Structure formats: structure tokens, C-alpha cells
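Labels A, B, C, D and E are assigned to the chains in the order they are written; within every chain, residues are numbered from 1.
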Amino acid sequence: MEFSSPVLNYTLLSPMLILLGGAIIGVLVEAFMSKALRPFTQLSVTLGSLVLALVQVWRIRNEQSLSAAMGSVVIDGPAVLMQASILIISLISVLLIADAEHFTPLAAALPGSDEERHAMQSGNQVTEVYPLTLFAVAGMMLFPVSSDLITLFVALEVLSLPLYLMAGLSRRRRLASQEAALKYFLLGAFSSAFFLFGAAFLYGYSSSITFTGIRNAVVGGGGNDVFLLIGIAFLSVGLLFKVGAVPFHAWSPDVYQGAPTPVTAFMAAATKVAAFGAMLRIYYTVFANAQWSWSPMLTIIAIITMVFGSLVAIAQRDVKRMLAYSSIAHAGFLLTGVIALNKAGLEASLFYLFAYGITTVGAFAIVTLVRDSAGEVTDLNRWKGLGKRSPWVAIAFATFLLSFAGIPLTSGFIGKFSIFSAAYESGARSVVIAGVLSSAIAAFFYIRVIVLMFFTDPVEDGTSVEIPSSLTSITVIFSIIVTIALGVFPAPVLNFISNLATFIR
Amino acid sequence: MDAANYLYLSALLFTIGAVGVVVRRNAIVVFMCVELMLNAANLAFVTFSRINGDLNGQVVAFFTMVVAACEVVVGLAIIVTIYRSRRSASVDDASLLKR
Amino acid sequence: MTTSNSLVYLIALPLLGATILLLAGRRADKWGHILGTLMSASSFAVGLYQLSLMLGRSTEERPVGQKLFEWISVGSFKVDAGLLLDQLSICFVLLITGVGTLIHIYSISYMSHDKDRRRFFAYLNLFIAAMLLLVLGDSYLNLYVGWEGVGLASYLLIGFWNQKPAYATASKKAFVMNRVGDMGLSFAIMIAFATVGTVSFAGIKEQVDQTSTGALTAIGIMLLVAAAGKSAQFPLQAWLGDAMAGPTPVSALIHAATMVTAGVYLITRSNFIFDAAPTAQLLVVIVGAITLLFGALIGTAKDDIKKALAASTMSQIGYMTLAAGLGPVGYAFAIMHLLTHGFFKAGMFLGAGSVMHGMNDQVNMRKYGALRKFMPITFVTFGLGYLAILGVPPFAGFYSKDMIIETAFNAGGIKGILLGSITLLGAGITAFYMTRVMILTFTGTKRWDEDAHPHESPWLMWLPMAILAIGSVSSGFLLSRGDALVNWLHPLFDHHEEHEHHLLEPIVVSGLALTMVAIGVAIAFFKYSRQEVAAIAPENVSVLTKIARQDLMQDRFNEAVFMRPGQQLTQVLVKTDEAVIDGTVRGVGQLAMTSSSLLRGVQSGFVRSYAALIFVGAALLIAGIWVVVQ
Amino acid sequence: MNSLVLLMLLPIIGSIAVAATPKTKEVLSKQVALATSVIVAIATIAMAMNFQRDNVDLQFVEKYSWIPTFGINFSVGVDGLALVLILMSTILAPIVVLSGWNEAHGGRWSVKTFYILILVLETMMIGVFAATDVFLFYVIFEAMLIPVYFLIGGYGTGERSAAAVKFLIYSLFGGLLMLASIIALYVMSGAQGGHTFDLQALSQLEMSSTTQNFLFLGFFIAFAIKAPLWPLHTWLPDAAASATPGTSVLLLGVLDKVGTFGMIRYCLTLFPEASKTFTPLIMVLAVISIVYGAILAIGQKDLKRLIAFTSISHFGFITMGIFAMTSQGHSGATLYMFNHGFSTAALFIVGGWMIARRGSSTIADFGGLQRVTPVMAWSFFLAGMSSLALPGLSSFVSEFLVLVGTFTRYPVHAVIATFGIVLAALYILIPVQKALHGPTTPSNEGLSDLNLREKVAIAPVMAIIIALGFYPSPLLNVINPASAHVIAQMGFTDPAPTNGDK
Amino acid sequence: MLDLAISVGQTQTPEAVLFWVLAPLTVAAALGMLLVKKAVHSAILMASVMVNLAVFYIAQDALFLGIVQIVVYTGAVMMLFLFILMLVGVDSSDSLTETITGLRPIAIVAAVGFGGLMVSLIGRATLGRNAIGLEAANSLGNVQGIAQLLFSRYVWPFEVVSALLITAALGAMVLAHHQSIQVRPTQRQLSTQRFRGKSLANAAGLPAPGVFARHNAVDVPALLPDGTPAANSINATLQARGDMLTSGTFELGKVDTSKGEEK
């Protein structure tokens, strides 16, 4: 057997390569640069890589290739859209991460120890988050464009491992943060075991680990489908875990709450895009012909997820937890896009993911602003009267909440509308009805927060709103603009998506 | 010898691993059980590789081992950190975040 | 039909007066009463002018109409704001504006101490306008506007002194009970439109022949309900007694002479319907008969002079209704009695007002006595009215009431005898209670309160009384001379069944009636003139008297049957709305909250239970597959 | 200027101008807001003059592509029905601004914000009636909730935030059901010749009767919540009791009309068959609303709640008129919408002044106002008379048309509904007696009568109430063709006179 | 039943023997992991499972994986586990009683259901093709075959895995590396500091906890000669945590015997 040297299409892979390269530069910076220079350098490197990658994604927007990396990566319209979404979301998330206030100066120090106190006083920063972020982004970029099970699995881990770590780096409430990391890690590993087991059965079923091979096996039939079904089920467990669908959601409230808020923002928004991106690709291309087998499963899960997320969010007393449950509910809504299994569904999902991601980052950006002397204040009771104290921040947060609730003239509405209509078009009426009803439930708690902010008198307890740093302001303002613009004039974005949203197989 | 027997074994090991994650309290043991599940998956891959007559399955298993190794590093680092803060490796003690 | 452009002024003038007086506010306090009176008088003048024009035309051309503008036009429902002045309406126009003007004049003096006199005149003008619209409207819907308009004016005037809660309540009661009647009118209009397709008098009249008796009966009954409400006929009579809360001129104008007779106008106006709907007509008669006695009986027990007169009004309108229910033969007599009654009852009310004026607004007749000497003019004018209502020849009532009694007897058969007897009996009772009023008020001993200084009223007050007294004396004769009114109205009514068979000769009837009157007077005389009258109403009286004093339990009945259950229903519904309907809504919210709290428990904080959740989820998926594969 | 879009832009421009005024100069903000709303009102009237009355087609049509991907257009246009309602909205707006000159002062936020919200709401009010694209309608329908929500919650009294939330949740729930129906329509349109939201095109869709029934319900429930129809009414009393009078006027006068407007424009047009199927049920609900609302109004102790319940009764009449499917009922219902706007406005505005002066909205706290504040008392009385549909005032014409129109097809319903007019007398006269009549209690002794501004504000309302009572033709002439068109499209003709089947 | 018997001759019977001997052992070891109290025992059992699996790999013509499994997985990864176990405390043992209500029954039901159903499903599976065996694929040698795939077809994931490795290293550094933020004083400096201080009271060292007190636990302060407690005899951390007892109860002659050992 002759060894044929591999051919990689570096142009198409360049966005990911840029990120990985940036990450490695970051690691080197960590190793060799003086502490004082690191924060700025790291930020520049990170932003630079992200922007460069984005430019690169833009340049390859019309490319289509199944063999970008020997068949491991597929680049097509949806891939470009997902990668672009991830990059944009990451960019504005990184602006939040740049605020040193959120991260422990020294992760190795015992919480409450002298060492930690000294580290804080010394103005130390864990600048390692930047390369970690870049690694995660690279993983997320790869996840939805993978076209074989190995790459998919590796990408899953590349995006997960940095997140596990980053979840544990919170400056305040260290114990909770470490706990979040532990939970995220253990459950993540647990679910990836399921994922892998499922992959094994798919391999057994199709005798191939490439998507094309599996798809051909699904189309071609032969034998019975037991292995296929097991494979789909377990692979789905892994994917559904990442998107936070019930009953695989349990990690998300705890992790969202415990992790540093910028990390929460990043993972809530970007991970969702990546995971749903991969799901869309897999279900739309690989399993499309086995729709009969997974559609009922996903339907039930989607319904449970929306209802559960919306319902439980009502009783939450912590902003971040509430947003976590809201994100669970949104995972349910997004699943309807997967169930739809038509072009409209794909377009709608892509739009929804982007819009939701931006809004989510914006919402968490606001959370980072509300603080007292001991750091962020996430107890909703202490958000009372925020509208009085700092109306603009409250208005911004209210806008994000209204978008989550799907009120017209916000991006959330267009997203919801398009995704539900796509699902309806495919005949999945039960999901649409459940979606509509749980939207009503969901509206309840979004409105409750608005009431809290605007219609309740402030309590004087030292809660104050930080004047946002210029970076955070950029994030918030950008998110607001996108949220409103996509609600009022979504046509250009929709058109753009519509032109690109076709999977190649 | 029926190759399916390996699959049965794999399924059993996977199940045992999953149960271990649920019932054991020591974080390290829990994590070991996850490793057991990964191993079970690997066994399935190897078995299917043999059934299918191609080596891709073995390559996956190989990747799994690498990935698992990385996971172990990160995981154990996290566990140690927690242990240092709490002087306890029990996952039940880490339950600040709830409801 | 002849058209005229000036009909609208009849209404517009008083309406203008009302508007000016209301909008001008206190600025108009000085001249408001004069303006009001002038407006009413000029309307009267226009009425007279119209009468002269009408007299100058041939019988067929006498009715004149005026279309003001298209009011409502939707699909086939077309109603113009149109006026119609015919032989019937002109009677009313003159009565309303004439008596109205007199009462305006009277009120200038009567209300001179009231700082809200201007407002009073505004209301009076408003009433005149509305009442004129009522009688001039050329369709039921136009009539309806006037109908409710007079209700509003009545409400405002009854409650003129609404700072007294009782008065305010009385006005509200009047309005609500009137609304019950109005509802009847609404029904009538709706049925008319649904069956006939039009709501104008002329339009319906044209199509009566093509319309089923059932429909006409329904319309007729509903019109009767309306009439009962407005004219205080059984069973909607209860408001009239309380309506005496208003200033006395109001009682004279609205609750004696004009508005309360609107029901009779309505029935007469709708003659073409009732003639074609015998059942409805019979009901009219029955209602009239019952009310006639009902009012009379109440009148015997009342010590409040105005309430006694009000009861009498009710009873007299009962006569009119009864007459109107007798069909073509009775309409004219109903109208005649209406006109004569307008004079004498208005006169008597004004007299009562004059008495009250002199007695510090005391209304209890038991506190009067021997006022003859102190108020001679009042005594005379009141006395003339008294004689008129008794039906003593040749006073007005003799002509009108006897005709009704006669016609009642002529209704034929048992019905005739029954009705005749009732009317006769009514005449007797009327004589009794009116005599009682006379005796208690003007003769006997002084039973005054200590601070009472009775005196004759100023000329502005007695002049109208005098004029009305002249009417009480002469109107009957004038109207019946040569069957003037009957002939005047004749073209309006359908006379296809003119087979008069006299059960009793007219002279016999008159004799009987006078006998009954004499008996009534005698009883009253013996009871009140020969014995000392207690200044405080005795308590040890017969059950009947007690019942009569309480208006024959009418309020008790309404209270027990409508008010109490209504209030309870309201309370229950308010609570139900709160507890059940809103409760359900809140319950749903609560359910969401509760289930939310429960489901939160899933998030126990233990990573192992989260893993268990995932594991169970995966197991369920496998179970699902297993089921599928089976 | 015959552009609806420009008309919609005007208030927005005004709101920007208000936003530009300095926070300290509250009066300036008010003046700008007032000027804007007056200009809008005048512009609307001018437009109405150019409306071709006998043309049943949509007029002043404008259409701009909005979201072509979904076939969504920003398309507006009016028929008689919409024109009348827009007219009502824009006339009410300056009145609300003027009458509520000081009502923003008790609010959570600045006076400026209040007027910005009002003006933004005005744009949406015009838009919601003018929209001819279902999606556009829905967007505005939902978006309107937000300013109202803040108006109630931010400037109201009492349990204002709870009431605002209740209002919002109720409305959102209904709106979401409608959204489901809209999605279904959209999908069906895609299957039958291209995605569109054009009302005209959607009304041509073919669908099974089951589908039609479900979709109808989606729309209808949303509208029934909005135009509170029993038993979906419980948000209204709370909202009205908590909102400022001005807000209540816009809420009950305009926003709730969107419900009844929607029934005609969307339920009947899009789902004629389903409308027929559900008519019996809806008629019963309407009758219940009439009687129930009236009885509950009688039982209320709070003035604002009372007015709210009277409105529930009135909305029952409107709904009944719509579904009676006769030209009288339909025109009457439309006219009723207009008239109710003004009579309720009068009640709320004057009631609001009374409450503001007395510092209490409990009816029993008033008494003898007629003596102390005659002009205010008279205004309230007249408003009350309008509410009980006294002939000669505008509501009478509409109420009677509804009753007559209903009677020809549904005599029993009409008869029961007519009992409402007796109840109406009670629910108006009881507060009139308690508040205006009777002895003046010491605490009411010092109340001041209406000032010039207030007189100027209420005068046009009263003028409209009286003028339209006697001369409704200008409006009816505009309404009739539109109503007749709808009735004809539904395949109904007015029942001919039966002559009692002789 | 899955018909996957590999009909490639000789290895068949020996493989079956091997399987039926080792498989029960493997399952037993795996079950043992769940049942033993001490974490370190679990680790040993885990290692044995891994070794058994390596044998199975080799038996299934996956020679390379078998070796890697032993060398890398068992040899390195498991050692890492053990290493950490030592760090955390080799004696640490779990109580096996379940503290979370209802979890155990759920776990058992789920496990039985999951396992049972899986076995049942695998039993039902058919592939519709024959098992092939790896003779052909391994014809150039197992390692060569894998290398071929790894370095051509799967070069991209192979490269990406490096990112994973860097991440792992970086992560471990972040969580474990103590940067020296302040210079620790040397013994000499400390000593000098003691004698140059304001007082020489502590020059000879601090009293140990419990000295002169009736109790010598670490949280009981020593008593000074005058009977007052010496706060500086207690570890600062304990003080900070508020775990220091008031020594009053343990002063000489003042022992409250009724309280006994209670803290």
C-alpha cells in the first residue's frame, strides 16, 4: 500500500487554523511575556485572530467542498453561516472576558487564603482564558463542519475542555465556580461517553465513520435498523446534552450560575450555535432518511424541553439561573427547527441561532454590570428598581428579555415565527402548539423581571450599576442594535441566509 | 465464537460504568467509571472494526484514548482544585448550586 | 302630505332655551327664568299659528310633515328625523306649550327663593322640547327620542333637590322604571322593523293589513308596556308617588298634565295596531281598569297632598288608558279626558303648591285645615278643579269622564258591564278621596305647625291657577260641544265597526255616575268633616288602610321580587367573578408557580442525580427503540 | 396628504421631538406632544375628507416590501371601518394629552417618557387599523402592548404593576394563539401559490373546515381577550382601575377596539365558514357579556372598575352586532366602536378628574358634587347618559342599530340584550346619585371645578357625543358600504320583513 | 441473533475460551468498582478491566490498540488516577449507603432496564451483511494500516487533537500552578524578625494548643500561666473559620463536666 500524502485545502480550513494559531501564540505569550504586558497582548491576539478568521470566513462564503480536509471537514453555506455566527458571538463575548473583574487572579490559590488575597491585590490576571477561549472557539468552529465521527468527537472535546476549565475561574464565589467546573466536566464526560458509544453503533451499522458513508447506509438499508437506532439515540444524548435539552439539561443552570458571567455568556451563546449546527448537519444530511425514527423522539424532547424550561424559570430567584432555564426553553424552540427537516427549518434555525446568541451575550453583559462591593449581584430581588437607578441598563435588559419572549420588533420574534412556521410546514403541529403555549408561560417570567426592574422600588442595599467599560458597552450596544435591527429589518440577513442555507452532502 | 459477544460485554460494561457514575460519591471513582464507559465504547469500536473488516474503528478507538487522556488531565486538575478548597473529594459535597 | 318648514321651531325654541340656560351658567341667573318662559310661550305661539293654519285646511290636508334630515340609514333601516303635526299632535302641542307656559310663569314666583332657579327653567325647557318631540315625531324611533328625553327631564326635575338622598333615590327610581317601559318600546320597534320593515307611523299603518295578528299583538303588548312605564300604569306604577319629590310645578306639568299622559298618546297614536290586535287591546283595557282602581284606592289613604293627587293622576290616566283600549270609539274620549285632566289636575297641583308655599312646604294634609280663609284664590281654583274631577256638571270632568263610563258600558257583554261598573266605582272613590283632600285642606280646624303663617300666593302664582281653573270649568264643554274633539280627531282613526248599541242610555249613565259621586262625597264628608281629624295619622286603622297607605304594597312587591334578588344576584356575581372566573385565571398562574417550584426540586444540586437523569433519559430512549423494534 | 405611512410617521417624529426636550421643561414636552397629536388629528380629518365613501375597495393603499423572504409587506390601506377607527384614535389622542395634563406626575418616570409612550402608541394605533398585511397587523398588535404596559405600570395607581402584568400576560397569551393561526395561514399560503401575508390573498385560501375552525379560534380568542368578552374579561377591570384615566381611555377606547375590529377584519374575512359555525356560541357569549358586565358594574364600589365593567357590557353589544350578520348590526357595531370610544373617554376623563381631586376612586367617598363642581358633575352626567345610550346621544344610534340588526336574525338574543338597557340605567344612575347627588360631605366641600384646559379638553368629546347622536350620517355613510361589503362577502343578506309570516 | 461468527479458522476456539474466561472476570471487576469502599481498590479493579480489554483487543486483531491500551491507558492514565488518589488520600473510603433519597432504586431500575434492553436489542440486530474480519485490512500489518489512516485520511483530527493536548496542559497549569506573587521570607529572616520584634515573648516559639488546658485538641487554646487563654496558640485558619473554642470551659478547675466532650 502506497502512502498517499494528505491534501488539505488550507483556504477553507484557514479560519480554524487562524484560531488555533492564535491560541498557540497566546500560550507562548503566557510563557514568555511579562505579566504586565500580557492582558493587552492576549486581548489583541485573541481579537485579532477572531477578526482575521471572520474575514477569512467571509472570503470563503461561496465555497463548497466535501474534501477540505481529506473528508473530515465539509465547507458549505450553512457551515459558513454557523462559523460566522460563532465568530461574531465570540468577538463580543471576548470583549466581556476582557474585564478582569470576572476572573480569579490565581486559580490555584485556595479560596479565602492569604495567597488569593495577595494575588488579588497584585492585580494579577488569568490571561490563560484568552488562549482557552480561542481553543474553544476553534472547537466550536469545527464541530458543525465535521463530516466524520472522529472529527466530530474531537471537535466536541476541543470545545468542551476549555469551557470546563473556564467555568472554574470565577473571581467571586470561588467554591461555586469550582463546583460548576466539576459538574460540567463530570456530566460532559459522561455524556460524551454516550456520544461515543452511539458513534460506535453507527459505525457498526454502516461500516463507515464518515457522514457520507453513514448516510449511504441509511438510504440503502439492509439488515434491520437496531444499530442505527441505538446509534442515533446515543449520539443524540451527547448532542442534546450540549444544547441543554431536557432531561440532559441539568448541568446548565448550575454551570451558568457558577461560571464567570462572561464565560456563561460565551458558552450559552456560542456552544448553542455549534451544537445545533452539528445537530442540523447530522439530522439534515446523515439521518434525514431515517426521519421516522428520530422525529418522534425529538418531538417529545422538544416539547418537554420548552415546557420544562419555561415552567421552572418562573420560580427562579437568580438572574443567571433564570437565563439558564430560559436557554433550556430556547433549546426546545430550536429543536423544532431540527424537527422541521426542510429548507425553511434550516434557514430559520440559522437565523434563530444567530439572533438568540447575540441577544444572550447582550443579556449576560448586562448581568455583569449589576454589582455591589462583593461583585456581581445576581439575586433578582436586588435588581428591584434597576429602572430607576440606571434606566438605560434596565431598558437594554428589558429589550433582551422581550426578544427572548418573542415580542414583535425584536429579533426573537422573527426567529420564533420563522422556526415555528417551518415546523408547521413540515407537519409538526404539536410542537408548534407546545411552543406557542410555553412561549406564553415564558413570557410570564420575563415580564416578572421587567416588573422587578421598572415597577418595584429600589432597595438601598449597595447594589449599583457599574458604568460599563468601553468594551462592555460595545458588546451591549452591538447586541441591542442587532436585536432590534433583526426584529425590524431582518430581510437582508434572511436573504443572506436563504442564499447560503443548503447543506451539501 | 460470535463477535456479538463482545458487544454484549461492551453494553454491560457501559451500563456498569453509567451506574457507577450515579452511585459512587468519590469524584475520582466517578471519573473512573466514565473512563470505564469510554473503554466499553472502545471495545465496541474494535469489535465493529473487526466485523466490518476495516480499521477505521480502531482509529476511532485510538483517538478516544488520546482524548480520554486529555480529559483525564483536565478532570483530575479540576478535582484536585476542588479537593484543595473543600478537603473533600465527594461529589455530594459540591452542591452549592441547586434549584 | 303637506310639508311645513316651521314645525321644527316648536321644538327648537325651548331646546335653544335649555341649551342657553345650561351653558351660560350662573351668568344667566338674573334673566334665565324670563328667557325660559319666553321660549315656552313662543313655542305656544307657534303652536297656535300652526293650529290656525291647520284649521284653514281641508280635513285631508290637515296633517303636515317636515323632514329635517336623514337620521339613520343602514340597509333597509331608514329613519328620517321627521316631524308630523296632525290633529292629534296639535292637541298635545297646545296642551304642552300652553299648560307648560302657565307653569313656567307660576314657577317664576314659586322658585324665586331657590338659587338654582335658572337650572330649573333650563330643565323645564328641556322637558318641553322633549315632550314636543315625543308628540311630533313621525316614527316610533323619533318618538323614542322624545320618550327618553322626557324621562331624562323628569329625572332631572324630580331630583332637582337631589341633595336630599330620598329625592335623589326617587328620581333614580323613576328613571329606572321608565327604562323598563322604554325597553318595551324598544321591543316594539324591533318587532315592527323585523316584521313590517319600517318604523314610521305611516309605513306601519300602510302595512297593517298584510301583517299577521300575532306580530301586531306582540307590538301592541310591547307598546302597552312602554305606555305603562311612562304613564305609571299597572304594573309599572310605583314610581309616580315618589316622583312627587320634585318641585310642585314639576308635578303639575310633568306628572299630571303632560308626560304621564304620553302612554295614552302612544296607544292612541298606535290605534291602527291595536285595532288589528284585539288581544293587545283587551290588555290595554285591563291595565287601565286595574290602575284606575289601584290609584283610587291609594288616593284614599294618602295624607301627603301631592301623593294623594299623584294617586288620583294614576287613577285618571287609568280612565284614559281604558278608554283608549276600547278602540275607535274610545280614542277621542281618552284624549278628551287627557286634555281636561291636564287642566284640572295641573290646576290642583298648582293649588297644592300654593298651599305648600304658604305652609312652609308642609305636605301633610293632617297639618292643614281651615285654609279657605287664608288662601281664598287658591281655594276657589282648587275647588273648581275638584268639581271638575268629580265630574259634576257642567265642569270639564263631567263631559270627559262620563263619556268614558258610557263607552265602557257600551263595550258590550260582560266586558261592558264589568268595565262600566269599575269606572263607576272609580268615580265614587275619586269623589271620596278628593273630598277628603278638600276637607282636610281647606275646611275644619287649624292643625298647623306652630311656625306656619299661611298666606295667599303672589299673582304670578295665582294667575296661572286661575287660567287653569277656567280651563277646568270650560274645557269639557268646549271640547264636546258638537262633538268638536271627536270630529276633529275622526280622520285619524279607523271607524269600520261603528255599530253602537247602547247598553244604557247616556242619561242613565250620568245619573249613576253622579250617584256614585254623591255617595263618595257623602262618606268623605261624614268621615272627615263631622269628626275631628287627627294631626298625626292614627295607627289603629284597618288592614286595608294600612295597605293602601303603603301604596298597596307595590314597593314591597318590587323590593321582594326584583330589588332584593337583584342585589343578591349582583353580590353573588361580583364574588363569583372574583373567585371563580378571575380565580381560574389566577389558579392557572398559581398552578404554573407551584409546578415550577416542584420541578425545581429536580435540580437537587447533586451531580449524581443529574447523571441519573441523563442515564434514565438514555434508558427511556432505548426503551423507545425497543418498543419500535418490537 | 393622503399617505397613511406619513400619518404613522408623524407621531414618531413628535415623540422624537419630545425626547429632545430638556427634562426640566415638562411643560414644553407636553406642548410638543399636544401639538403633534393635534396635527395628526387634523391630518387624519383631512385625509378622511378625501375618502371616497362609496368605494368599497381599500383606499390610500401603500405597499412596501418588508421581509420578502416570508412574503411580508408593509402594506396599509383603509376601508370605511378602518378609517372610522383611525379617526377615533387620532381625535382621542390630543384629548387624552390635554385632559391628562398632569397625570404623568405621579409616575415612576419622567413626564417626558409618558408623552413619548403616548405618541409611540398613537403611531401603532394608526398602524394596527391600517395594516392590510396580516403579519404587519400582528406585529403592531403585539408591539402595542409594550407602551401600554409601561403606561399602566409606570404611571398608574394602586396595584399598577400587578394589573399591568395581568394585562400583558392575558394579551400575550391571546396573541400567541393568534400567532399559531397566522403561522398556519402562512404555511398554507405557501402550499397554495406562494407565501404571502396579504389579507386579500389569504382570504382566498382553501382549507378544510376543521382547520378553519381551529385557526378561527386562534384569532378569535386573541380578539375576545382584547375586546374583553366574557369569560376572558378579568384583566380589564384591574387594568382600568390601575391605569391613569388617559391610559384607560386609550386602552378601552382604542386598544380594545382592535379586538372587535379584528373580528370583522380578520375572523370574518379569513374564516367565513368557521365564523358561521361559531356564531351561535359567540352570540351567547356576547349576550352574557352584556348582561354580566352590566350586573357587575352595578356591584362595583370603585368608579374606574365600574366604568370598566360597563365597557365589558358595551363590547358585548359590539360583538353581538358583528356576528348578527345583518347590515344594521354590522354598521351599528362599527359605529358603536367609534361612539364607545368617546363615551368611555368622557367617563374616564371626567371620572379621572373627580378622582384626582378627591384622592379616592371609591364611589362612596364622593357626594354632592353637583353643588360644588357643577360643570364637572354635568360632564360626568352627560358622559353617563351617553354610556346608557340615551336617545339623542351618539351611543343610542349605534346600540339601537345593533339591537335592531340582531333582532331580525336572533330575536331571543336581542331581547335578552335589551334588558341591558335597564341595567345600564342602574349602573350609571347609582354612581351618579352617590357621587353627584345627595348632601355634600365636608371632604368634598373644597373641590374645585373644571378649569379652562379641562373644559377645552372635554368640550370636543361632548360635542361629538351630542352631534353624532342627532346626525350620525357622516359616519354611517362611510361605514355602510364597508359593512355591506363584509356582509355580502360572508354570503348573508338582511332578513326581509316577515310580516309575521302572514 | 446477530450472525457475526467470524469464520476465519484457528483462532475461533481459543478465542472463545479466552472470552469466556476473561469476560466474566472483566464484568466482575467492573462490578467490583461499584461495590468496593476504597477508591484505590476501585482504581486497581479499573486497571484490571483495562488490561482485560487490551487482551480482547489483541484477540480481535487490534494489536496496536491492545498495546496502547496497556502502555498508555493502563500504564499512564491509570497511574495518573492513582497518583491523584494518593494526593487526595489513599485511605479515603466511601460509605456505600445512599444519601440521596430515591437515587439508588432509580439507578438500579435504570441500569437493569438499560442493560437488559441493550442486550435484548443487540440480540435482535441484524446487519444484512457478513462479518468480514480484519485479515485483509491488516494484511500489511495492523500498525501500518492504522498509520496509513491516521496520517492521511485522519490527519486533520490528528492535528486538532494537538489543540486538545495543549488545552489540557494549559488547563492543568492554570488550576495547579502557584505563581509566587510575594517572596517568602526565609528561615533566617523569620528568626531575625522574631528577635527584632517589639516583644521577646514569642521569641522562643508559640505555645502549642491545649497546653495547660484540660483538653489538648487543636482548637483548644493553650492557657497562659495566669490561666487566660492564649489565642495565638491556635492555627490562624481555625481562628478565621471561627472554629476556635472559648477556652473558659477548659480552664483548670473550671471544667464543666456535664458538657463532656462536646465541642
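As a convention for this text, a contact is a pair of C-beta atoms (placed from the backbone, for glycine too) under 8 Å apart; a residue touches a chain by one contact, two chains touch by 3 or more.
Composition by chain, UniProt nomenclature: B = NADH-quinone oxidoreductase subunit K.
Note that the structure is predicted; figures quoted are calculated from it, not measured.
Shared contact partners of subunit A and subunit C, listed by label, are B, D, E. With steps allowed only between chains in touch, the distance from subunit C over to subunit D comes to 1. Touch-path distance (fewest steps) from subunit C to subunit E is 1. With centres computed as the average of Cα coordinates, no chain lies farther from subunit C than E. Taking the mean of all protein Cα atoms as the centre, the chain whose own Cα mean lies nearest is D. Of the two interfaces, A-D and A-E, the higher number of touching C-beta pairs belongs to A-E.
Between the Cα centres of subunit A and subunit B there is a gap of 25 Å. Computed centre separation for the pair subunit B/subunit C is 95 angstrom, with centres defined by C-alpha atoms. The distance from the centre of subunit B to the centre of subunit E, with each centre set as the mean of the Cα atoms, comes to 13 Å.
Separating the centre of subunit B from that of subunit D, both taken as means of CA atoms, is a distance of 65 Å. Residue positions of subunit C with contacts to 2 or more other chains are 589, 600, 603-609, 611-612, 615-616, 618, 622, 625, 629.
Subunit E has residues 100, 103, 106-107, 110-111, 114, 118, 121-122, 124, 127, 154, 157, 161, 164, 167-168, 171, 175-176 in contact with two or more other chains. Annotation for subunit B: residues touching 2 or more other chains are 7, 14, 17-19, 21-25, 30-31, 47, 49, 51-54, 56, 59, 63, 67, 70-71, 74, 77-79, 81, 91-92, 94-98.
Contact between chains, as defined at the top, is found for A-B, A-C, A-D, A-E, B-C, B-E, C-D, C-E. By the touch criterion stated above, subunit C contacts subunit E in their complex at residues 604, 606, 608-609, 612, 615-616, 618-619, 622-623, 625-626, 629.
Listed in rising order, the residues of subunit A touching subunit B in the complex are 107-108, 110-111, 149-150, 153-154, 157, 161, 164-165, 168, 174-176, 178-183, 185-186, 189-190, 192-194, 196-197, 199-201, 203-204, 207-209, 253-254, 257-258.
Note for the complex: subunit C touches subunit A at residues 589, 592-593, 595-597, 599-600, 602-603, 605, 607, 609-611, 613-614, 616-618, 621-622, 624-625, 628-629.
Partner subunit B is touched in their complex by these residues of subunit C: 600-601, 603-608, 611-612, 615, 618.
Interface residues of subunit B facing subunit C in the complex, by the touch rule stated above, are 18-19, 21-25, 30, 91-92, 94-99.
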